[in-house]
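Chain naming follows the written order as A, B and C, and within any one chain the residues start at number 1.
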């Protein structure tokens, strides 16, 4: 059951990522990215990370990607212009990509950590555990992040505002 | 039936590689930005996989921070995209090649 | 409980909940037309059946039989999938709502909640992060509206869906923050746990709802944000018919339009359910020992449905009373009034919770 779920959502994830690359319209790329994020949330659940899975849906799929789609709608972003890639990239790039991928897969499968296997249903990343850690061990980082978000809000407002002086 | 953790790492590496590729071959500035999000997602997956592997929650906290930073980045980045589109009227990064108008 | 019984019970619960939900949705439309009609000194639907009670059925047949137009120049795939997204997201979140306590039927005990189970100790339980999942699902509902507007390739639809997505992501902030106070006081994210925290009474008759425990400001913030989230009057700018024809569903007809329509009313029901669970004590109610046992078993359900009915009536009442906001007023109200108020409520609640701890 576990392996079936992993394969299903892993393939959805990989398919979405590839679709993001081959689609020419930004809206289709955005939709496939939403599929990637949704299936990643379910993979997090398989890994037992309950809180992170829900936050992934709320923040990534529910807020960030809505913002992307909003901007695509606002700017009415149409089809991407076709640019000619260099011939060298095609000759060297594709075989290089395949060999690199094969090397990476074999190294990970041979030398990667294998002793620990993951069981389904071991939910240990509940909201209270994550929150406890966030407000004790990582309190400083948390507070600094809030400053970062504040600066980002101000930056977005300043950037998107039409200048009235000119 | 359980699965080894390296499978998760493989998926994570694949997502990251797709993100890098999209960043390099795409010409639309919004799609490039989405490729960056894809890379961040790939990294998040490996964080969670390692958190499960070592039985700690630190990985979850890092993913949380990555999400917050990604949200801040999306807000600022999309604002930049809007202002670029206002001045250049294009989303193609090849056309945005002047520092000053 | 074996896996097979679990599956059978789950399927039965899903079927009943879905049936009840769709009936409630259909009759909310009837209720709305009837009540608004009476408020405006009209009769409302009165031809089909007694008091027009068969009107929803007639409407459904009409939707099914009308020609299903797909305009040219639309983005076909996205155009077709948008209403499905809207409806599915609207119907899914009801699965997490705890509607009643544990019932014992045919030797099986199960809580009246699709995602609820009875644990080994006999205690009912549900998903730990239940409220977060509901918020996540409702935040995905924006896609249905945004994609519908974009794919229709029409000015009215695009403007309507731009308005809708901006409005929904703005008010989601206040909506989420208004619930934080309740979470601080109940210290759980499980919806069943939140109801359990409100079951007691003071002096035997004042219920310990969070509404009466200092969360009334949060309750009103929630109500206003919920009106905006469901695109209802006075915040129905995405479908303002005087300026935008019908907003994001201008280009939709027949069953595809009906799906948006059902999604809107299903969202109203979900929002009402969440309000009753979070602020009004879910299914709690005064005990009625003089009633027969068979009726008593259904009392919690009746209390819950009464609360939901109250909220639905409130929606309709406000629709019959208030005019529509202007768009800048809407944004200013959300960001400059509701949002700081919700933040202040969170801070004050946290302060009191910290003092009592």
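Here is the rule we go by: a residue touches a chain if its C-beta (ideal position, glycine included) is under 8 Å from a C-beta of that chain, and two chains touch if they have at least 3 such contacts.
The shown structure was predicted, so the numbers you read here are calculated from the model rather than taken from an experiment.
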*Taking each chain's centre as the mean of its CA atoms, which one is farthest from the centre of subunit C?*
B
*By the contact definition above, name the pair with the higher C-beta contact count: A-C or A-B.*
A-B
*How far is the middle of subunit B from the middle of subunit C, if each middle is the mean of its Cα atoms, in Å?*
34
*Between subunit A and subunit C, what's the gap in Å when you average each chain's C-alpha atoms?*
30
_Quick check: how many Å separate the C-alpha centres of subunit A and subunit B?_
6
*asked:* Can you pull out the residues of subunit B that are in contact with at least two other chains?
replied: none
_Where subunit A touches two or more other chains, by residue_ = 51, 55, 63, 67, 72, 74
*Sort out for me which residues of subunit A touch subunit C in the complex.*
27, 31, 34, 50-51, 54-55, 57-58, 61-63, 66-67, 69-70, 72-74, 123, 126-127
*subunit A-touching residues of subunit B, taken from the complex the two chains share*: 1-11, 13-15, 17-19, 21-22, 25-28, 30-31, 33-35, 37-38, 41, 44-45, 48-49, 51-53, 55, 57-58, 60-61, 63-65, 67-76, 78-83, 85-86, 91-92, 94
*Name, in rising order, each residue of subunit C that touches subunit A in their complex.*
75, 78, 128-129, 132-133, 135-137, 139-140, 142-143, 146-147, 149-150, 158, 161-162, 165-166, 169, 172, 189
*Where on subunit A does subunit B make contact in their complex?*
1-3, 6, 10, 13-14, 17-18, 20-21, 26, 29-30, 33, 36-37, 40, 43-44, 47-49, 51-52, 55-56, 59-60, 63-64, 67-68, 71-72, 74-75, 77, 80-81, 83, 85, 97, 101, 104-105, 108-109, 112-114, 116-120, 124-125, 129-130, 133-134, 137-138, 141, 145, 148-149, 151-153, 155-157, 159-160, 162
